[in-house]
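Structures are listed in the sections that come next.
The same subunit A turns up in both complexes below, where it pairs with subunit B and then with subunit C.
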Partner chain A sequence: MSTDVTGVSPTAAAAGGAPARRRPRLGPVATTALRLVLTLLGLLTLLFFLVRLSGDPAAVLAGPSATSEQLEEIRTGLGLDEPLLSQYVAFLGDMLRLDFGESVFTGEPALDSVLAVLPATLILVVTTVVTSVVVGIPCGVLLARAGRVARRGVSFAMTLAQAVPSFVLGVGLIFVFAVNLGWLPAFGSGTPATLVMPTIALAAFAVARTARMVAAELEQGEDHDYLRTAYAKGASSRRVLWRHALPNALPAVASAIVVEVSYLLSGAVVVEVLFAYNGIGKRLVDAIFARDYPVVQAAVFVIGVFVIVVNLIGDALVRVIDPRTTRGSA
Partner chain B sequence: MSRRSANLSLWLSLGTLLAITLACFLGSALLPDDAGEQALSERLRPPFWSPDALAGSPLGTDAFGRDMLARTLEGGRVSLEVGFGAATGAVLIGTLLGVVAGFWGGWLDRIVMALADVWLAFPFLVIALATVAVVGSDLPVLIALLTLGGWVLPTRVTRTIAQRVRSEDYVVAAAGAGASDAYLMRRHVLPQALPVVLVVWSFTVGALVVIEGALSFLGLGVKPPTPSWGNIMSDGTVYLDTAWWIAAWPATMIVLTVICANGLGNGLRRRWATPDTSRVGEKAAAR
Partner chain C sequence: MTDVLSIEDLWVEAGDPRDPVTLVRGVSLSVEAGSVVGLVGESGSGKTVTCMASLGLAGRGVRITRGSVRLGGTELVGADEPTMRRVRGGVVGTVFQDPLGALNPLQRVGDQIAEAVQLHRGGRRRAHRDRVVHLLTQVGVPDPARRARAYPHELSGGMRQRVAIAMALANDPSLVVADEPTTALDVTVQAQVLDVIRRATKDDGRAALIITHDLGLVAEVADRVAVMYAGQIVEKGSVAEVFAAPRHPYTQGLLASRPALEPGRRRLSAMGGRPPLPGSWPVGCAFAPRCPVAVEACTTPPPVDQSDGRWSRCWHPQVESMEGVS
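Showing the complex of A and B:
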């Protein structure tokens, strides 16, 4: 599966004419795990160098209102006079012990202040993924199977959904449903009503992608033998669609959605800020404006781990849905 | 879609994109010098169809009495500079990496591909935010940052092409006749990669205009008073109930630009339908 996620590689590996391009093959699970560990390491390295890029890491970490004693304390704490390599090792050690330091403003451990708002973001991601499946699959079926007019209409809607960025759609939704109609609250979090507009703003793109994905899979599979067989034994076209064609399209769609989650989190940052929805993205941006770097670090770390976990679960899930991928063909 | 309507949408997209670009870069020079200046007596005037409209400000004015037409065009300059600049940079870097990695293979190829995997596994906007928080958000920083945001796709597609072309008989023959690797890449791989690279470029422009918009919408793009479509929109959200047009114009421009960039990419892809271009399609569309 891991090779599918990378996009073009299955055909690429077959097309490459080089003899014995890869020697020992890792199992799919090990490959995925290795890639994810590398991802996390890359992420931490990035955080490490970002702070040092700024010139004075202590000033960044201590925040704007730090006294000179605090600065000195952080300098010795970070070991800034030591070689870069030992600083790096110490940094990785801190990260692995989940020690991100304290928020410059509240004094609360940075990780705790981020984890406190994680559930809100989780809920938003779940409602978005559910929406993209529940709306996206029927739209995809329409795209592939409906009459000319309906197909054109859906196709136009999907093109639009893919071209309107989440923050633009969000502003539009606020204008219509909060300012003009007054049906939904424009801001806030905690009640189901506050979830509606952020979910729509975030899901539009994912719906369109899911729909196009489903349509492409259905069209590709149109002349498969098993579909012809199903028709030949007298199954109705509805039964062929729901019983034979769609289930075979599902694994590809599921793995596309897993990849989508990492993009969803990018979108969630903007959408949360726009709707003042108290999740991890808003916490991140607030911390950036407050120059509360320990919290920034913790938020980036948590989002990274979140993406990694989703990818692992997604890989496993796709393997369960699609027995073909376990047979070492990947 | 039929061939004719596909061609129509290709030319329509290209034309609109060119028109937007020209308007933003030349149009703002044609407007009167004081068009973007503050005029507090003329705050929040509506667009031309309203009886309260201000003569000379057909798109209305914002909370400081600045002309929205001038602001929108000038804001487009920043958004498009970042979009075009970063997309071009990303495509150049990606093509170089992809062609070399695909042609030579081996450890270089493995490192590049591993980097690409790692890079894609992480939400780019979050990296961008963390970087801007520390380094600041001057125009060159933004362009460099977004270049990094777009390098993976061109790298992957050109790598696939380089791998394929390298094993073609005529390339093997040319190599046997003594052609250098650099010559083979320039003479045989690059021309074959060019159509795909242009397709990827179009999609990347759309994607990066959105990311620039998101950054400056959050207040982490170019610093006001320099306008960009994202930060004009963010100013406008405060006035949605009284002066919705402030947010509406830049929003329209962003959406139009993205639709045209995607339309251009799709149109080129269909026009040059090869196995390479058909693979790029939906994966690349803007997000």
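Showing the complex of A and C:
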């Protein structure tokens, strides 16, 4: 099951159908809302077919010893004997009412069981993003501006952070800090201490990517005239860096971090399982192994909505940072 | 008159220190208080590098190897960073060629001007709001209080360059250095911006060094002119004298390739060839390969001729005045 459902903008496709001359002019809010609805529809359609393509749910649920009568009974019960189209319509109807059915095993509403563990994952994502910004930006500045030795050192560390997969890093962290030093709990969730190692395992890659992005933007912007203007006004190189160069690198970095957050969720699946961290990733994997399709659907749906929301927030953030995106030229 | 800026025997090089490329070779140039000097030359002649290197704004890898730059009594070559920071924006204001690129796209223009004030006078940026409005009024920006809140992309090219000039004037500098201040602008706007520059310099008695390839601009605002070719000054003097009777064949060529205002007077002449690139300058006179009057002697470095109070770097300075060019 793929969690890699990044917010692909369907507006272009939607607008393409209208005659070029009389394209309806929508306000930014309406455009955003339309985009949200279309993206969600795409996500749900994908979800519908993915579940039906991964084998006969009835056969899996009934188990290998089931008779064909039992199978038929389950199929009818789940509506699997209906034509695909009416199944699809019924499915969309259920989704509209946010009815994902009940967990096959616990009988609990599937959506509730997913939402119950969502905050844990959100906290993990937030700590990871904060870490990647707080550590990544200074590392990027070092990469671009530090002396040769420091630059080499940071560059090596960043390459290492990008090259080592999160589960290897996670196992290494458990070995050192939980088993040998005993400083941190090896697994579990709910206390701040349990957040530390999953955050590091998850953030390493994001820190390295943010740092490289910041460094690339700073280097690219190095000969921007406005930096020379700032020097010509009498600004120190530190002031030029923090007041002029870095803010101009941020729109690109913010967009990159938004994309990063979408990928973080797939990383969270691995890391949560590794650290037995009770979040949405672990719930999803458990449900997949148990063939608990209602929970799988609910989890993928929630992750998809999360990614869409993150993209919307990201767009808004770039708008706030860069006045050129909201204020037209006079 | 005292010199505000005095550059003496300035040598500038760039690139790998083991295999450097010389960009400026022995430029001496001074700007008197209250006078406007035009520094003229083709691209690559070293006119911009001379000024930017003097102010320490030439960027990484560009080094002054010899010479002296004195600005209002302060030696800038080898000066420490605090001194340079005090000079830049305080004693000398700088205007660049491309006004859109020269302004930070993420900051309101008023804040950018206020930053220039704040860097030298301290205090908070907001405290300098009146000064910002005053500066914008001075450079002819209509509705200055509202324009101060605009972002660079919301202003026209002419307005942006006015903002850049206001920024350069922020701390009432004794010298303004302007690098091709009108080149990036529409022709209709050029005259207006030139007018702003003239008012801010000549009319206010403020010294200015204007880098340009536009001889018309020099004729209009400058008192003195220096012509650069291949990293050297080949001729300098008062605008009246140099334009009336250029001594150096290169200056003559430049003046002759200006379109005349009177129609049908003469054919527009253009100089053949191109200026040599830095790093491939000949041993002798760099202009010799393009010079219509070059002789054998031109393969050796030409001496400076200072007869009749004029200054040119040529083996046989032309003494007759040119015909048809004023």
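Methods note: the second predicted complex is superposed on the first by the 260 of 330 C-alpha atoms of A that agree within 3 Å, B and C clash if a C-alpha of one lies under 4 Å from a C-alpha of the other, contacts with A are read in each partner's own complex, and residues count from 1 in each chain.
One rule holds for everything that comes next: a contact is a pair of C-beta atoms (placed from the backbone, for glycine too) under 8 Å apart; a residue touches a chain by one contact, two chains touch by 3 or more.
Because the structure is predicted, anything quoted here is derived from the model rather than measured.
When the two complexes are overlaid on their common chain A, residue A:Val51 makes contact with subunit B while staying clear of subunit C.
Residue contacts after overlaying the shared chain place A:Gly107 against neither subunit B nor subunit C.
Of the two partner chains placed by superposition, A:Pro192 touches none, neither subunit B nor subunit C. By the touch criterion stated above, A:Asn248 is placed in contact with subunit C alone, subunit B being left untouched. Within the superposed three-chain model, A:Val296 lies in touch with subunit B and out of touch with subunit C [touch as defined at top]. Set against each other, subunit B and subunit C differ in how many residues of subunit A they touch, and the higher count belongs to B. Overlaid on A, the two complexes show subunit B and subunit C touching no common residue of subunit A. Across the interface of their complex, subunit B is touched by residues 6-9, 11-12, 15-18, 21, 35-36, 38-39, 42-43, 46-47, 50-51, 53-54, 60, 159-160, 162-168, 171-172, 174-175, 179, 205, 209, 212-213, 216, 262-263, 265-267, 269-270, 273-274, 284-285, 288-289, 291, 293, 296, 300, 303-304, 307-308, 311 of subunit A.
Those residues of subunit A that touch subunit C in the shared complex are 223-226, 228-236, 239, 243-244, 247-248, 321-324, 327-330. Listing the residues of subunit B that touch subunit A in their complex gives 105, 113-114, 116-127, 129-135, 156-157, 159-160, 163-164, 166-167, 206, 210, 213-214, 217-220, 230, 233, 236-237, 240-241, 244, 247, 251, 254-255, 258-259, 262, 279, 282-283, 285-287.
Only residues 55-57, 59, 81, 85-90, 93-94, 96, 98, 101-106, 112, 115-116, 119-120, 150-151, 153-156, 164, 167-168, 170 of subunit C touch subunit A when the two sit together in their complex.
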